[in-house]
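Same chain, two partners: chain A is paired with chain B first, then with chain C.
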Partner chain A sequence: MLVVPATIFVAIGLIGPIAILFRYSLNQFIPGQFMVDGLTIENYVKFFTDAFYLNVLWRTVRVAVVCTIVCLIMGFPLAYVLARTESRFKNLLIMLVVLPLFVGNAVRAAGWMTAFGSKGALNASLMGLGVIDQPLEIMFTETAVIIGIIAVNLPFMVLTLQSVIEGINRNVEEAAFSLGAGPAAMFRRVLWPLAMPGILAGTILTFILAMNAYATPVLLGGPKFQTMGPLVYGQFAQQNNWPFGGAISFILMTATLLLTIAANLIVQRRYR
Partner chain B sequence: MSAARLSLGRIALNGAATLSLGFILLPLFFVFWLAFFRQEIPSFPPEGYSLKWFQAAANNKPFVDGFILSLQVGVLATLIGLVLGVPASLALMRHRIALGPAINTLLLLPLVMPGIVLGTSLYVFQIETEIATGLPVMGSLGGLVAAHSLVVIPWVVKLVTASLAGFDRTIEEAAQNLGAGPWTTFRRVTLPSIRPGLVAGSLFGFVTSFGNLEMSLFLVGPGRTTLPIAILQYLEWKIDPTVAAASVIQIVLIGAAMIVTDRYVKLSRVV
Partner chain C sequence: MARLSIEHLRKVYGEFTAVDDCSIDIAEGEFLVLLGPSGCGKTTTLRMVAGFIQPTAGKITIGERDVTNLPPWKRNCGLVFQSYALFPHMTVAENVAFGLEMRKVAPADRAARVAEALRLVQLTGFDERYPRQLSGGQQQRVALARALAMEPDVLLLDEPLSNLDAKLRLEVRVQIRDLQRKLGLTTIMVTHDQEEALTMADRLVVMEKGKVRQIGTQRELYEKPADRFVAGFIGRSAFLDGAMAQAGHFRSGGGLDIRCNAPASGPATLALRPERLAIGAEAESCANRFPARVEHVSYLGALLDIDVRLTEQDRILLQLPNRQGAAEPKPGDMITIGWAEDAGLVYPREP
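After this line comes the complex of A and B, so read on.
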């Protein structure tokens, strides 16, 4: 019976609101009249027939895919070193990976804003070195958003991979080496397949987070760079269009889920 | 030759790992650097260094109010999360509950729910609650605390159940055979063995609440803003050493909380 209060709390706080949000997304929005009760799919039709909104969805998916792939490539070596190290600084290193997670996205975006400005650290040092003579325009571009999201999501990928790699017995790596496999063959045929559950979990987590990013695209992409997260917020906070905002929120959730399931199925088929 | 190739590979591996760690920490490094600039404009190289921005941050009303509100919400949400989450974890680990795995998944679900979806759905939920009950829920402290409790519970459940994994139930039975009541057994036997999970769960829960941005964005009311949102709104307007100084204070506090927690439970084992 001890489990009941928490279960009820989470069920009411999670499932109830999502059900209401879905109901809202079927309502009508008439400018000037606010929300009118109805049972219509016009909000969904509006999203999928307007090139602007489809573009926002496509951009969001594209950014999320790029960020997830880079996170996997950058995260694996660090996760491996953290999992296998016997250094007494291991705990400190893990804390350095966890700390940025806890600091929040806005603060980390602030760091990149400092670096990317036309007189920011990056441009100043590149110009000082004579690599470029005009400042690069990174701020308020897709590149800036991608760099920002990668930095935000990388710790999640590293921690997920690290815990799985720690569970892989070192002896299987040694066995591969003593049977004559080079590092590349060992990685491809032993480490990668054994780490697959962690790779899958980390990829899914970073993908979900990248699809739903808010602070990073707002601060590093600027007002003109629209992705799904800021789009949903705009519909609620500025347009007061709850039905359409609810519909976009639902499309975002469904798109995230479908792409995650699709990736899951493809990977499972290849590695069964 | 093979050994040489292996050690070369090791250098490449360590190099790649260092690069990734550096990339993760780079934005924090820039925030620290900017906080000590003498001039207000974030242009490099700095003209000199100064501590005056820390005072400016401490005098900035939105930051101070946001900090106090985030602290209140974080503490209250963590307490609620513990009160609801600890009994649930104990029950899940000890008894064979019907639907146990399903309940466990449900309790962990808020952790992977995107903040934007959680925020929008709680927003409409609070509107409906306000209409149904007539109570001022929207933008209230209670509404914010309830929402934050939702994201604290998974951390408590996750870390307390983890610390219970190696727990031997016969010790509790032994205590009861020796005449201890249920409460004494809990306080003297169960509690000490789940302490690492409690400490880590509270810390992670608190920090998750304290840093929450996406969900809170939909739930804060006029004149009631949490620190992350105050920082976001400031940054939408401009970046300067004042907001960097406020961020540095936050980073240092969170870092200190992690070091203290690390004394009780090794972070590398619970994350």
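After this line comes the complex of A and C, so read on.
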């Protein structure tokens, strides 16, 4: 009985809009007339036949995959240390990891802008040190967007992994060591497989967040750097093309879902 | 198999000394038990041998190898944890094969050695099960098989039986002991169960507050405890506080003059094993004989525990075999108790 309210909420709050969106995506768009009821796949055809849109999708996936992989590689050691530390300051360390989330995405992106700009802190210090003599073009590049998204997503990855690693008995690692496994073998044969549920949850979470990122690509990528999130928003808010916006949303959602499922299947086949 | 020697081992945590100048020599194939009250440093000592804790000072040698600064994976110590620590994502066979795999044993040889290890712990046929599909006792035996399969130089057991119920504990105890003998494994086991320690060990190490108090066989520890702590810790003792007034004479707090084999010294404690005490007619021939008042009698089946008072300050615990039908002392009775001159062991008084 207790699950009823949550179920109703999910149904109304999540499935409702998606259903409406899907319905809209089948409508026609006639400039000046806003939206005409219909049942057509022309919005989807438009997306998949235009190299521009396909390019945006490909770029979004690429950025999301890179961000997720980097988050995993950077997040795992951090999560491990957090999970295993016996320091009195453990809670403080966790707060430090979460701290960036206290600042909204937009504010943070603005911070990155000041850091990455051609006269920003990074270039100024590198040039000051004589490492480079031309400012690096980081702002409004894919690199800037990737760095920005990683900074947003890393805490989610770390917290997810940390809670799973904490559930792995330290003795199991020690048993592996005593049986002759060095740190690399222990990691590969024991820690990684046992942390797999957390790795899956963390990568899915960060991947979805990265696929749908909005503020970071807009602010750090600039107007010419299009990803799916801003594209959807543009169609709704600027072009007023709700049917096409709906179609793009649906494509984004489906792509995210399919890639997540595919990755899961591959991983699960490899690890039992 | 190899001998193991621990020399002047110390571990200090900040201000606190967990293990203090601990030296133990373990012969090849010997079963040594570390025994002591909770927090005395048994686990710390064992984990230093296994390589999980870096000693503050001291040296550990396995066979001819100085392993003090080697990481755990290069020490070849088989370790069995209290919590078993099986790999939950691997089958029993994979668990047991893990150590062999890490040692690059050819897959063909692995299978035979896994089968042999599982046969030793009587788990043949459980190969394909996962740890969660096993009972506690079976998991324990898998942990043992896993440690044995890699043919360790020394076997380290940290309270391996404490998660088992009483009946199983007796069974596994015998199994471990038999295996250890059969394979001639140099073994250190930690426990705080005295009976377990006494039945399994070749020699025991009694530790207290990080220090080794005594190393010896069961008989040595029981009959010649090195100090008052050991006398109280291994088996039971009755203690009388007093002083060695002159050689051969202990004067108790209540003023009794007790004959014993010890030189004169200052304040001292006399320890008496309950079964060395005689009562009634049997006490007649004893060098020390005192009238005593029975305070309390506990019925323990085969034995009767009897609390007696010699003087206001001197109380003693007696243990009598329960001869059914014979007259039993009752509280309030006056009886005579006695003991031989060599029954009393004298130790300097400890605070």
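Points worth noting:
Definition applied: the second predicted complex is superposed on the first by the 263 of 272 C-alpha atoms of A that agree within 3 Å, B and C clash if a C-alpha of one lies under 4 Å from a C-alpha of the other, contacts with A are read in each partner's own complex, and residues count from 1 in each chain.
By definition in this document, a contact is a pair of C-beta atoms (placed from the backbone, for glycine too) under 8 Å apart; a residue touches a chain by one contact, two chains touch by 3 or more.
What you see is a predicted model, and the numbers here were worked out from it, not measured in a lab.
Legend: residue contacts after superposition of the two complexes on their common chain; A:Gly182 is shown touching both chain B and chain C. Contacts of A:Ala255 after superposition: neither chain B nor chain C is touched.
Counted by residues of chain A touched, the larger count belongs to B, out of chain B and chain C. In the superposed model, A:Leu194 makes contact with chain C only, not with chain B.
In the superposed model, A:Glu174 makes contact with chain C only, not with chain B. Residues 177, 182 of chain A lie in contact with chain B in one complex and with chain C in the other. Those residues of chain A lying in contact with chain C across their complex are 169, 171-172, 174-182, 185-186, 189-190, 193-194, 271-272. On the chain C side of its complex with chain A, the touching residues are 50-52, 71-79, 81, 83, 85-89, 98-99, 102-103, 143, 146-147, 150.
Interface residues of chain A, counted against chain B in their complex, comprise 1-3, 5-7, 9-11, 13-14, 16-18, 20-21, 24, 74-75, 77-78, 80-82, 90-91, 93-100, 102-115, 117, 119-121, 123-125, 148, 150-151, 154-155, 158-159, 163, 177, 182-183, 205, 208-209, 211-212, 214-215, 218-219, 228-229, 232-233, 236-237, 242, 245-246, 249, 252-253, 256. Chain B makes touch with chain A in their complex at residues 5-6, 9, 13-14, 16-17, 19-21, 23-31, 33-34, 41-45, 84-85, 87-88, 90-92, 97, 103, 106-107, 109-110, 112-118, 120-125, 128, 146-147, 149-150, 153, 157, 207-208, 211, 213-214, 217-218, 228, 231-232, 235-236, 239, 243-244, 247, 250-251, 254-255, 258-259, 262, 266-268, 271.
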